[in-house]
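Presented below are the structures under discussion, each in the form of structure tokens.
Below are two complexes that have subunit A in common, paired first with subunit B and then with subunit C.
And then the complex of A and B:
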């Protein structure tokens, strides 16, 4: 496990420890008094439907986070993940509507998101633009373009509805209490777990992954070793588009529609993804776990809104996951950014 | 013996300069060859030509008896030439084996996956063959600089290098690590490898090399046998005139007390006591030297005196005024000049031009600024006069600090600080990284300041520097001032013992406060 969650996890262990402690305390209280408020809260936290909601909410964040890890590990900070999610959520529905096939729609979304990431890569790597500004531009372009496309094609910010991905149910396993939700989930959830595994393996075990890390830490070392730094960075940024595209498509197909009002249906998930991979210390497994923490709180928050457990205004309850993010960020100060993240590199320059 | 490398009449021009002018270099296989010269003599340029980073305008590169055309380092590596740069090309968070095999990873599973076992094994075998004590699984940022350098050497060897070029390999090493490096040289040459190393230190060239080629002003001014040459001859070849390696000093003509440090205790950044109850004084017209192995509290002491670090207890007085809690600005205005040990970190803003850099520390004061406005004409004159007086190259006040070589950066910082007309100079490693000619110049300046009645506090890890310049010499060990001695009477052995924390009985001591009548 130390290999999976490498690094010096002091702050992270603390957060994980506190979360576990709260959980145990809730559990003990619930055992003592199952009908108390605390007991009912615990019942919500450990319910299979909360786990199912957590998984569903995690999907786009985890995909985008894995993509962000590749880009940033290679030295290109991709703050435009939000934009990639937006553009792929819209193009997924559009593609599915056009072709009549969800999976072709999925493909269209991945291509669109990868293309936008490619544009970002050209601007950042070839033309040496500031990565943060270019990333914000990606977000703003998508934020404008997707609802505009919807307006032109569907006559409103929301697209028409297409099918959802539905669920794939594994017999027997899906009947296990609580964890059954893991085996009665959307194909996107299974894809997410696969992406985490593939992402981790690629980054830590393959030659490409090693070059990505070297490109972000000391590009000159990689260059003098005879590997083209720009090509590695292009590949990594394109991968961030591919993963984000899968995230955006999964998000749209979870309800079968793209909604483009205000911050669109993506609603900050791309930015949460950045927090998730920073908290996960650029490790896909860590990003999955930190996303689960956030999405879990979000799921609980959604359930709390429908109960009469507390007489708290909904808008206050809705802030729970975001407060958690701020607390988490306060502890995450020790994340070690890749040494050359955000820096341009040109071969032969002193 | 056969020639491993032969450079024949290499000329390399840059806009406005001829960096190498028909330079010849012949290196026999299985030998250590030193390329000696002052900063800017063209040593690194010549080696960059051999390594394929630059293409020569004229001349031939012959490796293994074959004329070669190296368009990139890749070509040089393929021909068996490897270079270890002064700044290591290592990926800090990766392991030793990962760094050594980077770009040439052994692979498995359809060529996608790194065969880590094989990489570790190959690196271990390679290290064993040359007797290097290197753990392939160690993370690079956790190992010492000396070991990192060995990793760089292994990286070149792993790529099949027969000729190793090392650019100023000892600049970042401790004396012990330097000795280790030189025994590595012996091991490598014993196994048929050829080593060329760039240096500006006479002693190292004489100790480690078989043959020495001296460059001056981009020309080869002599090839000498390292065993048959004296330091003086080498220094003269290098600088082009006779060099006084020892400063000829008049006796001190001391005046009143300029700087007093009283019972000073300082903590380092980790909260560990780095300076422990240190007291001494520096009087007008004398140089008080502080010797010691680096890291025994000298940096923290200097930072506390100059106002860069808070003190735990005790105090600092400048011209009998307490400045313990005074700001940097107040101290500068009270007449304290400071040559920092790390010029790039504390002495210069690397992206600023010399005009702006020359203003640093004076940005509040007349004649450079008044009523919140900077007088740029005045500031430019000031920078240009420093450049001229201190022979800073290139002689262009519009150049950024980053455009200057380390030695020239140092000359500029020294020039700026001395131009403050200080009453006290705190000089921390004032000649670190500068060549022998500039060193002599800076020593002369410090001596001139002393003659003019300035109190000088000189901290240096170079023993010959502190003993030759100082009137009294304090030795620090683990944060304490173990002794203050007469540098003319103390022997090198006695100093060595003091630096190791021991107090021999018969050292010629002098008092830390010189006279001590007011204590």
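And then the complex of A and C:
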């Protein structure tokens, strides 16, 4: 938790504090008047189905955020996470349809996303493109390519339906009130927790993780130590593609389809992931917690749409997660980027 | 201002001049090469898509595999089709397809200028789309509100300027939000503008399904604007929804922005802030104010684009606004963020957008192809180093296949 608050404590503390206060206030109000609107709202917030929805909605964001952490820690800002999610969501369904196996589809998605990340890496590292512009290009290419592919293969922006990942239920534990939702979830949810653990361990406890951080903070020192900065950055950016690929595939297989109208089914999740890891101070665990905040708000708004608790129109309720992202970003403010992020590194030996 | 300050400012000015002079030719060359490479990669994509797709009458059958699309025919339709087939006999510039090209170009000039202005100030305005949506809705609502108040000739003269102004105000206000967030809370504008695009779509959807919706229609739209509240068509057939007045307005904006950037103190502050923010601040430029002003102005131009879209093309506001704002990013980057360059880049992109409808009609290739090209063009323009490398190899007369191999690696 201290890691989470390292960067600029005031903003992060403020947001976390306000969120906690609102939660406590809701709870107190619910105790005093359980049948009031506020009481029923609290009931929605702490229901097991809201937790289940929060976990489901978190999956693609957390995967993309972990990927983004690796890339940015190594000094390459990957703003194209959204594009990686889009391309993998589509190729997952295509692959599953082609091979008849969800897990092979998953693999196809990871390969496609990693390949697109590889293209991004070549453009940024080899040809010194502006990372932000190249990242936007990755997003826009995927935003065009996925619906294009769907139209060519399935005759419309939405693909045909394939199976969903289903749920894995742990006996006994899944019957625990509220937290039972943690043990009655899609395999993608368990994979997400695993990815957070692996991501954190790799970054903080392995030699490769140390190289990644050095490539972003002090590439010259890493170079002097005899490690090829470019290769480390390539590996980190490819990893961002691999993680995002798992996120996109999980997203598509949660409903068993890719929908490609407008902003596609990814709908900004890649950009929310960026804010999630900034708010989480480049820590996978922090990213998981801040994603839970955004996804939790999203889950609550989805529930609100189906209840008559407030007469708010759906369109306005749907803005809640996007507005929350803006508010969080405004309070967190300038985050401390890795020292050499966004810069090209030229080895002295060439 | 102390001597040291002046020196700083002078250095910046020299850098600006150097940047403007030495790289202009090179930039045009890079833009052209990027475009050619995008079309080349696009051809490969169409070819591969043609192999994957299933169709009743393939253009080519080899063994078990069929080719559904002819890539060359696709690009023939894309470019020549957009102009209304100038190579065929009896061509008239008034043909409806060419009018469609000009119509798209007109809106794209505005969105391209909007993105370009922000870029020059060192700001990534990805939110032109949202600013266009907000400006478009506000302009439609203003015209609908004012139409009954302004009768006869007065309406014909005033309604369109009023709508354009409303668009500028709406887009400008919506652009000021990320501007203030960046200037005073240091919130990254790439993220905030993208989030605000989503918010704009949702809020306008609410407004046109609820309070301002057309009671006589199932669609999410405002009531139709009166004829006097729309850009009048001259020369071109009214059915083409293209007005030379709107194109003229676009050119006025191009000239105005060029003048603003090149010859005014504000334009100078803006460019300096974009190139060397710390030096600019040192030289007395109020960075926060410049950021807010740039994004407000950028949003206002996008909003005018929305007003033109509403008052020239649709004749009402409707949800599901095409992605002119994202196309504007490509237009601006292709134009090197230069207002005059925006005209050419917008015309080119107008051809692509109009041509994609011809392609979809003639060949079954999905019009989303343009979306792919939009991204590819940005990617290739963003890597000038690649073209310099190729250029150096060609210049050195090294007929190595190395350059081609590098190209192939970057394409997949």
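Just so it is clear, the second predicted complex is superposed on the first by the 338 of 350 C-alpha atoms of A that agree within 3 Å, B and C clash if a C-alpha of one lies under 4 Å from a C-alpha of the other, contacts with A are read in each partner's own complex, and residues count from 1 in each chain.
One rule holds for everything that comes next: contacts are C-beta pairs under 8 Å (C-beta built on N, C-alpha and C of every residue); 3 or more make two chains touch, one makes a residue touch a chain.
Every value quoted in this text rests on a predicted model; they were computed, and no experiment measured them.
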item: Which superposed partner A:221 touches (first subunit B, second subunit C, both, neither); value: first
item: Which of subunit B and subunit C A:213 touches, first, second, both or neither; value: first
item: Subunit B versus subunit C as contact partner of A:205, first or second or both or neither; value: first
item: Touching partner for A:22 - first (subunit B), second (subunit C), both, neither; value: neither
item: First (subunit B), second (subunit C), both or neither touched by A:313; value: second
item: Residue contacts on subunit A - larger count, subunit B or subunit C; value: C
item: Partner chain(s) touched by A:137 [first = subunit B, second = subunit C, both, neither]; value: second
item: Subunit B and subunit C footprints on subunit A, overlapping residues; value: none
item: Touch list for subunit B against partner subunit A, complex; value: 53, 73-74, 77, 89-94, 98-99, 102-105, 107, 111-114, 116
item: Residue ranges of subunit C in contact with subunit A within the complex; value: 45, 49, 52-53, 124, 126, 181, 185-188, 190-192, 194-196, 198-199, 202-203, 205-206, 209-210, 320, 326, 329-330, 333, 365-366, 368-376, 378-379, 382-386, 389, 409-410, 412
item: Subunit A to subunit C touching residues, read off their complex; value: 79, 115, 119, 122-123, 126-130, 132-134, 136-145, 147-149, 151-153, 157, 262-263, 267-268, 271, 274-275, 278, 313, 315-316, 318-319, 322-323, 325-326, 329-334
item: Contact set on subunit A toward subunit B in their complex; value: 205-208, 210-211, 213-214, 217-218, 220-222, 224-227, 336, 339, 348
